[in-house]
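A, B and C label the chains in the order they appear, each numbered from 1.
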Amino acid sequence: MGHPYIPNTHEIREQMLDEMGVASIDELFADIPEKIRLKRELKLPKQMSELEVKRHVRAMLAKNEPFTKMLSFLGGGVWPHHIPSHVQSLVQRSEFLTSYTPYQAEVSQGMLQALFEYQSVVCELTGMDVANASMYDWATAIGEAALMCARVTGRKKVLVPELISPERFAVLQNYAAGPGLELVKLGYDWSTGQLDMSQLRAGLGQDVACVYVENPSYFGFLETQIEEIANATHNAGALLVVGVNPISLGLLKAPGDYGADIVVGEGQPLGNPASFGGPTLGIFACRDDQKLVRQIPGRLIGMTTTLDGKMRGFTMVLQTREQHIRRERATSNICSNEALCAVAAAIYAVSLGPRGLRELAEICAANASYAMKKLDAIDGLEAPIFTSPHFNEFTLRCTHPKFTVENLNTKLLKQGIQGGKPISKEFPEFGETAILCTTELHTKENIDRLVDAVAEAMGARR
Amino acid sequence: MKFKQASWANDAHLEPLVFELSRANRTGYTLPQKTPSGANIPENLVRKKLELPELSEPEIVRHYTRLSQMNYGVDSGFYPLGSCTMKYNPKICEELAALETASRIHPYQDEGTIQGALELMYKLERHLAEIAGVARVCLHPSAGAHGEFLGMLLARAYHKSKGKERKEVIVPDSAHGTNFASAAMAGFDVVVVPSNSKGRVDIGALRKAVSKKTAALMLTNPNTLGLFEDEILKIAEAVHKVGGLLYYDGANLNGILGKTRPGDMGFDIVHFNLHKTFSTPHGGGGPGAGPIGVSRKLEKFLPVPVIEYNRKRRRYYLDYRRPHSIGKVKAFYGNFGVLVKAYAYILLMGASGLQEATEAAVLNSNYIMHKLRGVSGYELKFDASGPCKHEIVFSAEPLKRETGVTARDVAKRLLDYGMHAPTYYFPPIVPEALMIEPTETEPKEELDRFVETLKAIADEARSDPEKLRSAPTQTAVGRLDEVKASREPILSWRMYRKLAKQ
Amino acid sequence: MKKLGLIVNPIAGMGGKVGLKGTDGSDVVVKARELGAKPVAPARTVKALRVIKRLGLDFELLTYQAEMGADEAWEAGLVARVIGNVVSGKTTAEDTKRAAVEMLDEKVDLILVAGGDGTMADVVEAVDTRVPILGVPTGVKMHSAVFANTPEAAGEIVARFLRDGLPLREAEVMDVDEEAYRENRLAAKLKGFARVPYEPTMIQATKEGSSGLELADQKAIARWVLELMEKGRIYVLGPGTTTRAVAEELGIYNSTLLGVDLIENYKLVAKDVSEKQILKSIEGKSAAIIVSPIGRQGFILGRGNQQISPDVVRRVGKENVFVIATPQKLASTPTLKVDAGDAKLDDEFRGYIKVITGYRQSRMVKVV
């Protein structure tokens, strides 16, 4: 019996070998040295039928508890939102799904135009003029941005906030290692969390390539001094890189409007499921400045015409840029990216439109605001720990000596609630603190349920 | 077989841009009610306007459906892109990755609630390790190039731990472009070694190239010409002798599954492309996954977290206590949605199926080699004496000399026959290269049709070369001005509007 | 519409078949004719032109009268505009130079030149690098790097250049010392540089780190060489445009293109030096040599840079010789040669050497 994915049956294969004048299939592998030939079968599970695979994998995955079946307040780089059903059904169309990178532009206008639309959507959200067709995730996009700034400015220092996401910082470190960029962390104001401006100014020497800021920050608050940061950065001849959750940009000012040169971020919340942290979608955009555009990493889709000039069409714009990039140190090596996720993001964004995205962002922020108010009212809890405006994520600190965030979370879990992400290990200075996130998935009742459960767990008064 | 791709077009353009279809106040989505309290964001931080299109759901669906009709995937037809392994993507894999228990889990969830995910990844790692003959696998990298970068970081960490800073990475001249870039990104100097007349790494040149400065040699086997590097043991020896590491680019793994293993050839770092050999869909450029496997001596440098199994408690867990780890190359644990598909694929094939897949893929490629070498206009530039593996590179140079048409013209004309063009102009060591990889999921009839078509195109080149130069004519749009696209880049709707105003 | 200039040196290559080494000097031509030599260049030119015609482009062909181009055009079936007159049977180097200048004035896109090194040197003397040229290989002396491999290849490159546009690379124009040549002594001189079109698909552009444009690649090489340079070391910089890029990267804009210069502590300390001056300067110092392959056969030592003699190389030390070459150069000369005049030294270079081809990039290249 043949295999369903191998159309040439045993008989047909014999026929082909005959035609070729080859005695057996082994002859085609005769050039593999004897010493390294595998003389046994691979120790893998036996071939399974589709039904068996389905059962097996479903049973394995059944050991997961999806957050849709719990009440989860997790965010921190991957945020669950409702995805309109048509988004996934459209990207699952096999002409998109099973296609390769659109090198043959004439036969791939669908993908090319969809990606051009994605690039355009990112530009509108971020206030930039140019966006690439995706990077792997927010973290690697930051890495690439740092490399790009080093190339553009010829400088080697990168300033980042101390309150940067630890995971994203870890990835940035590996990207910086290649060309030997120096990463310097800038302190923050203890009560507001805002970047310490005096440290920034002191750190902005002639050797700084860029300043990287997350807005909203990893801790959920908004950088209210962002325009000042932009000015100081530019005065020192450095570039400003801003990292974002694009959902926030439905409501918040576009980074392009407050002086960002490059915007990076996580596009997953736009139309892509959380999926255990991958696939994700790295956003990368910059201003239309020749110095920058020439150095932007990743694929770019451009508009053009047919050779006779009559019809509009889209194609990958590679050569000019990658050539310039190629001759520099630490060039971008990105080839395959997250194209299909980008298309999903575009479809999601145009489905919501400007008013939908604004409303969505308002709901997310309003939910967080409500949650903070209610949680803060509980004895022994503080939410948020910073007195700055927040978007949809916030910190929750347990000041009660008897409880840790971990054991609170354990108690919550018993009630089917996934509490926030503890950050005490990475940021011990904040004590027992966790980061929580609210989206439009949360109703008022959900938040009340969280508050009640927390209060109960602490035996506290509200 | 005739082909004509759908073409939604008017005189000036194809399907309009979604921005051009926008009409005020249309919406494609509904939202739940707001909660009582407001967002509490200061007015000066709020944006004044957002210019995104406004369309209803049916319009959006129609728009993207039309775009999909002007695209071409493996499901549409033959897609012989060399080194891309465009094999059929089983639909059961899609179904499984879309399950709520796969797609609606958050990476920060309590470990007790994600045991299924950890188990799947752990087992996938073990299967890949067995397939490649390595000790340990890391599933973090999101794509091949990402994995390469990780591989280079691991090499660097390894040598650093030995108190040495080794600056050079050796790459064959036939290597994929990302090899050079990944090594450079990790801070290495790249030394290119030439191929010999048989299309394999020139051992003489390699022996001169290796030194105490050599950190690693990056190699793919079979190489990009589809030829097996039969001197691999000598190559391994030359590199190991100076204390360097051997890195395997897994792009061509489909040529050797179950026949031999990179680990057994002496490779210390083995890279995989799950979206190639393991049949996860390419998605028009991603998402993919580029896991990295390592030999024992490199295990301790792997990125965190590493998935471990606690036998006593019968639980999988994320291990962060790895003092020698290089840290992270991705924020989370890998492209899980892609990993699910690859895992399912391995089960669907099993050991016997994977070996059979390789045999059928190699047979298909050799069959094309056998039939096409008899067609005038195309020739084999390198060693035609032995078999190829899962792909083969032909040169259209004879046709070019005769008629002036190039490999690109041939490739564009193939589109008119409903077949996707093979990779052309790569590897650069073959002039007018056509890199053909049929994969095992193509029936013999399709291979015959492919060869017949190439023959017909060669004939057309002789009798009416303009037909090729003006190709393609049966696709949604004709040949595009790529030079203009790069010269005067219009990269977004914003830029387009700005230019229109001028 | 594109314009192509055509200059044919009808007597180039005549000496070859009768055992003469070059046809410079009318007495050699007379001797060649006595020995029964027939002109070679015209037939080769027609071959190239036929390929261009077959590839069916629209362009205007400008040339000189009779055997300097008009005859060959007619034979290949191409319509040409004759812009200059000659005395048939008595064409000279002056005619070549005049033709080149007039074609430059007419703003041709490319001049196709059929001839040997001498002819090329004449053209470059007249128009420098102001107009791209391409050589149809016809002469016996073809040390210059401006020739296509075959007449047909020349035709193909011209056709692609006119139809699609091709990038340009710099190519050395060499000429051999005639007297020395006939006495079996080789003394090749670097006469100048020309800009020559090349096919980028044969360059590992964007893959191997090449930007695809030679100028950019030269800058990349220069940047790395700079990083490798040490203070207190004297660098012997050979002739060429790639080595000049190194000097320019240091901010030195008055280095010699055709001669050997000395750089120390990032400053130019001597220009156009002789072997003696080099030896004196490097005495007792740590030194290094930076050379680029010269000519059609890619000589790293022994052609165009004889000042860097075996003595100099020995003093400096073979391990301190750095060879730099752009991918474009290596595509046209995939193997390099060495003929410094010292068999033992030459042998040490043979095999594979590491050539710097970009920023932090090098390639193992065969030296024969």
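Simple rule for what comes next: a contact is a pair of C-beta atoms (placed from the backbone, for glycine too) under 8 Å apart; a residue touches a chain by one contact, two chains touch by 3 or more.
Because the structure is a prediction, the values reported are computed rather than measured.
Seen from the Cα centre of chain B, the chain whose own Cα centre is farthest off is C. Each of B-C and A-B has its own count of C-beta contacts, and the greater count is at A-B.
Core chain by CA centroid proximity to the global CA centroid: B.
For the pair chain A and chain C, the distance between C-alpha centroids works out to 52 Å.
A straight line joining the Cα centres of chain B and chain C is 41 Å long. Once the centre of each chain is set as its mean CA position, chain A and chain B turn out to be 20 Å apart. Each of the following residues of chain B touches two or more other chains: 177, 181, 184.
Residue positions of chain A touching 2 or more other chains, listed in rising order: 318-319, 326, 329, 331.
Annotation for chain C: residues touching 2 or more other chains are 205-206, 209, 360. Interface of chain C with chain B (complex): residues 54-55, 152, 156, 159, 201-209, 351-354, 357, 360-366. Contacts from chain B toward chain C in the complex involve residues 173, 175-177, 180-181, 184, 188-194, 202, 204-206, 208-209, 400-401, 404, 425-426, 428, 431-432.
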